[in-house]
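Okay, so chain A shows up in both of these, paired with chain B first and chain C after.
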Partner chain A sequence: MLATPISTPAKGWGRIWSRRNRYYLIAFLFVLPALINFTVFRYLPILAALRASMYQYSLLGGFGDFVGLDQYHAILSDSFFRNSLWVTLKFTIYKVPLQVLFSLILALFLARENLGTAFVRSAVFTPVVTSVIVVSVLWSMMYHSQLGLINSLLSIVGVPPQAFLSNPDRALPALTAMMIWKDVGFSMIILMAGLKGIPVVYREAAVVDGAKPWEVLWHITLPLLRRVMMFVMVTQTIFSFQVFVPVYAMTRGGPLERTKAVVYYIYQYGFLFQDMGTASAMSIVTLIILLVVSVGQMRLFRSDVSY
Partner chain B sequence: MKTWKVLAVLMLLCAAVLAACTVAPVPMPADDSMAMEDEGPSGPVTLKFLALADDDQLNAWREILAEFQQLNDGEYSYVELEFETIPFRELFPKIESSVAVGLPWDLFQADGPDMKHYGFNRVIWPLTDHFSDEEMAQWFPQSIEEGSFRDQFLGPPIMQSCSLLMYNKDFTDAAGISPPVGIENAWTMEEAVAAWQDTTVDENGDGVPEVWGLRWGQGTWTGDYEHGIFRRSNGEIGSATYAGMGEDGVTFQGYLDTDEAAEAMQFYQDLHQTYKVSPVEAIPEIFESRQAAFMVTPDNRIGALNRIHGEGNFNWGVSGIPYFKTPVCHTGSWHYGISPNTQHFEEALEFVRYASSDAGARIWYKHVRQLPANIGLFNELDEYSEDGNQRVWLDAMNSFGIPRIQTPGYTEYQQLFAEAAGNIVVGADPKEQLSAAARRLEGLVAKYTGWNN
Partner chain C sequence: MSILDNVAGNLAASTPGSSTELRRATWRGRLQMAVLIVVYVVMFLAFTIPFFWMFFGSIREEAEIFANLYPFTWKTILPIKWSLKNYLDIFGISDDGQKFGLQFQRFLGNSFLVSAGVVLSSLFFNTLAAYFFARLRFPLKNVLLVFVIATMLVPFQATIVPLYIVVDALGMANSYNGLIFPWYASPFVIFALMQFMRDIPTDLDEAAVMDGANLFHILWRVIVPLSIPGIITMALLEFQFIWNLFYWPLILISSPQLQMIQVAIATQTTQTQTFWGRTFAGSVTASLPVIVLFLFLQRYYVQGIALTGLKG
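Now for the complex of A and B:
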């Protein structure tokens, strides 16, 4: 009986450098830059925030006493924090469905190629590439109750001056309308790409079978667009939860806390109230909520259809 | 086993990186030996200056620098300034975060009431040992008090301030109103509101006046400098309402939310909602653009009017500030701050010394035209002579000017009071707003307890 030889170094290296492992290594090297980026600029800050949330911590004073989960307990019993979560949720509920609906309608109409649609597509997409702070300042002026363009237009049809940003009931819808206008082009482009990716044979087959246009839309196009819709819904929900600049530039969270979104509240705590520990705890809670919502959305829009 | 080893290594790596991520607390400069690798005359030194976005101020500093470079046969001719300018409301967080992450700023423009916050958090270099008694005597005592923390002098003043009631004479003449002359004859709030109503003009009857009666305060914001005056004016000197805050510097219930304070803020709301003499949504430069008849403002408005309309082309007048029980104007203004991160302390200090001297303040006044903090200048500026047209601001500051509340928690206070005032303007209950603000505030500033012991 021959003893099983112990693998020689040459053979060991040979196994490590097998074709399969080389493929893995090359793939890993391609992924590495993105992985480093995510680790350094995403995951480590999250871990750092998690740590900060358990300490009394300020930017200037550094880490103080370890307080464990006390700050989580404090923010969950803070009615202003709960209000900011509610404002954020309302903003998301107002914005995401309306934006997806508008962008879907636009995508359906603008998916065909001609000069007119190219022009309208560019017009709809322009706000996406415009700075959100610039857009916020412009819309603040447009919304102004005495000087604003919108009230000038309303006055032409005899409507008296309306307060938008200083009216507690209208301020959040006003911000939402502006952000839908700004972001609708982004989701339109994604949905349009999704529409173009659907093989035309399915629709042609449905038409041959006598389906009406709305039946084609309802039974063919929308089901096949489900994965793209999920992407749009999830990303827009995440963006909506992170709303900050319009609040900062247009309302500062007012009037009556009606537009104080959670990220603005976190900013206040961290940078103006010098309490980065509490701000970190708020960030972690928001992150958890966002993860739960995103997973829920992904399950809801999961599609078994592939093409 | 192998998996556990990998996990253990990963956890160790994470722990190491997290430890490295920790932002170290800002060190308190103990003495001059701590820092300063000055380039010296051998090479240029550029002082990085974090300042407010304001062309007049920047022009003033540029001229001050040019003079500074000529001093003592060009002793500091190698010094240059490099500005980063930002809007008012971003300045405070910018200063703090810049110092925290160690950005190499040399100088920053510090708002007076925030100086104690900077001192408490060691965001500013103490300058007690660098200014002689003679130099300290250049400035108003109020400015020195505002620029100090725990007996440490933190930074010299750039200027002083006090707000009074300016008016557009064309509008008051058209309404047949003669505002009282001199601070001792100032209107009460009730008297003033009649004048503001008379000068509010809605010619076309569309519900939007072409000319509003009043803009109370600079800019378009609500804040303590301007609107804290309402509350404090409705208390007698020595009362809790007048004080605005407990002596410990961290108590606000019973001071910020007294019945008198709520009554005053109700009046502030009425100016917008009942009397309708001020727009609910503030209009930028409303007074300068001749859309308001009266404005409560420091005398820096004169410089702005001259710049916009040409010297002497805007027909303005000034009266004492309207009051409830006690005339009040908030004093204090900007100060120079030297960053603890500076690598050019000597140059920064010498620039600040010159800029805050009578010579530097004279240049500053030429551009900004606001009440100087340098006492000596009042003997040479015609505007502040006995019959000068800005003399009334000096008299008011000396008669009833009081500093804003002095606490390291001023930033927190300013945030919450501004929010409460903003809510009151749109119709919220003043008592509820002030009480809620006072309660929240005490929680937020509890960390400063004992700061003035």
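Now for the complex of A and C:
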């Protein structure tokens, strides 16, 4: 209809609106909303936290004096902050290996397809789809020292009522046990997918060669599952290190600070003590720790054998 | 030992008509089968008893929950007198519920609204982005992909204070917008859908180009219909993620009128003293949508988790 700019030889708008550039522009519009989201809600917060960590900053009072690295200095010598890192580390060390072990056992028992295993699989997976807060509220009632279901169950075997969450030595193991119960189905599914991915011929060949079933398990199945198990370990370590909801709902960090995980401590500083500057500095330190852990674990991951 | 053998045997020879089938005929095989069934029952109960206790506790009188704890019998779990009072309380229908100002329908509605907003917007924008990475040509596309994938390394709970600072600065604190906007795109969903779309044969969209269809039409008419299983899976995982969200609404929302149901069960039923019956009823209400969805669409869930291996 009209003389299109394309026909005029490379000049001004004509050059920019070439067919190829127009294609690129339209293509870019497809990804632009996602890029904006990640810039604003994933990367910008880190920069904002870096800035906030160098100022006195509260939600009500806004930005105060520039303090440089003072707040980093303060938290690194804060024994409560170090305690919270220690609590978080203990939680992770208790939880991850046991969870991988239990999920492996469950996956081996439930990999076979029949009606019975389908029922049990659904049961194991129900806590995974339930929210952490429902599970935490439910278990804090189950752990109740007089009115809890667990003490009722223990009474069957003659054990007198126990305190769980108010006992400084038992609170963290009690939280860990609950979170293993909640998350074990999640890693079970991944391990089962891994089991199904192992070519049947390997196991059959071993059986033909006269290997006993447990030898097949130990020498063939488990070594071939190593990559998947590593993957579960890496992701669960990152998740576990950020435990918050059970601490908030069940113990509020007590008794005697024994369950005060680092994310809960950050929450306390930022929202209860209204000190966003210090909370930001703690977030940055935790972020760095987690980045180092994930990069380190991924290195380990990559050097692994594949089949 | 025999159980381990059996389990390992299950895996060693899972094809039908193999040695396990033969072994089942012998008495030793039957014994192993019986032991295996006991193991299955124990596993089943270990994961379901807390839920039964919660569900039946929500439809009995509160005093009954405590009255039958010792000794442990069926009465500990199952109600003798059924009662819907706890539900009437939390939905503010009974006098007791009104006295406490409980209105769980409001929190339920908020959760549905926010979930619908997040699931719909994220399906739209993540599908667009996945299509871009899977099928379109663009200079330095790999750099953009790294930019997207790297956000997976940002730990969500540990950086929630920084996220709050940004969302607050955008004026979205204490609003539905603040609950929805941060989640309209997800690197995990983009990555999973991208893998899915890469497997669709390219001659299909090449044929569409010859028809003169534009990119959006190709996506809508060719790619999306073929990606439906992947999209359903991602919608389920997104729904579960946003429905179960706790920490973010806890800090973002200050007026109770806007609060989501997961926060409400933690704050509304335990303010002065814990009302066990109401807490159970609230927990059941908050869990039912995800558990029902999961039971009906289990296959997609399991695929989705096996596919991405990650939450949300």
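Here is the rule we use: the second predicted complex is superposed on the first by the 260 of 307 C-alpha atoms of A that agree within 3 Å, B and C clash if a C-alpha of one lies under 4 Å from a C-alpha of the other, contacts with A are read in each partner's own complex, and residues count from 1 in each chain.
FYI, a contact is a pair of C-beta atoms (placed from the backbone, for glycine too) under 8 Å apart; a residue touches a chain by one contact, two chains touch by 3 or more.
In this text the structure is predicted, and so the values were computed from the model without any measurement.
What does the overlay on chain A give for chain B and chain C, a clash or a fit?
Here the two partners, once superposed via chain A, clash with each other.
In the superposed model, which partner reaches more residues of chain A, chain B or chain C?
C
Go through the superposed model and pick first if A:L291 touches only chain B, second if only chain C, both, or neither.
After superposing on A, A:L291 lies in contact with chain C but is clear of chain B.
Regarding the shared-chain residue A:V263, is it in contact with chain B (first), chain C (second), both, or neither?
In the superposed model, A:V263 contacts chain C only, not chain B.
Could you say whether A:S155 touches chain B, chain C, both of them, or neither, answering first, second, both or neither?
both
Does the superposition put A:P246 against chain B (first), chain C (second), both, or neither?
Neither: A:P246 stays clear of chain B and chain C.
Have a look at where A:S145 lands relative to chain B and chain C in the superposition and call it first, second, both or neither.
First partner only.
Which holds for A:L59: it touches chain B only (first), chain C only (second), both, or neither?
both
Return first, second, both or neither, reflecting whether A:A48 touches chain B, chain C, both chains, or no partner chain.
Both partners.
Looking at the overlay, what does A:G277 touch: chain B (first), chain C (second), both, or neither?
A:G277 sits against neither chain B nor chain C.
Could you say whether A:N167 touches chain B, chain C, both of them, or neither, answering first, second, both or neither?
After superposing on A, A:N167 lies in contact with chain B but is clear of chain C.
With both structures aligned on chain A, tell me which stretch of chain C collides with chain B: 1-9, 253-261 or 289-297.
Of the candidate stretches of chain C, chain B runs into 253-261.
Check chain A for residues that touch chain B in one structure and chain C in the other, and list them.
Looking at chain A, the two contact sets intersect at 44-45, 48, 59, 147, 155, 271.
Within the complex, which stretch of chain B touches chain A?
14, 17-18, 21-26, 92-93, 96-97, 99-101, 121-123, 206-208, 279-281, 283, 411-412, 415, 419, 422-423, 425-426, 428, 440, 444, 447
Residue numbers of chain C touching chain A in their complex, please.
Residues 4-15, 19, 36-37, 39-40, 43-44, 46-51, 53-54, 65-66, 69-72, 76, 125-126, 128-129, 131-133, 136-139, 144, 147-148, 151, 153-170, 181-182, 184-185, 187, 190, 214-215, 219, 240, 243-244, 246-247, 250-251, 262-263, 265-266, 270, 274, 276, 279, 283, 286-287, 290-291, 293-295, 298, 301-302, 305-306, 309-311 of chain C touch chain A in their complex.
Going by the contact rule set out above, which residues of chain A touch chain B in the complex?
It is residues 44-45, 47-48, 51, 58-63, 80, 144-147, 155, 160-161, 163, 165-168, 252-257, 268, 271-275 of chain A that touch chain B.
Could you please specify the touching residues of chain A with respect to chain C in the complex?
23-24, 26-28, 30-31, 33-35, 37-38, 40-46, 48-49, 52, 59, 106, 108-112, 116-117, 119-120, 122-127, 129-134, 137-139, 141-142, 147, 149, 151-153, 155-156, 181, 185-186, 189-190, 192-193, 195, 200, 203-204, 206-207, 211-214, 216-217, 221, 231, 235, 238-239, 241-245, 248-249, 262-263, 266-267, 270-271, 276, 279-280, 283, 286-287, 290-291, 294
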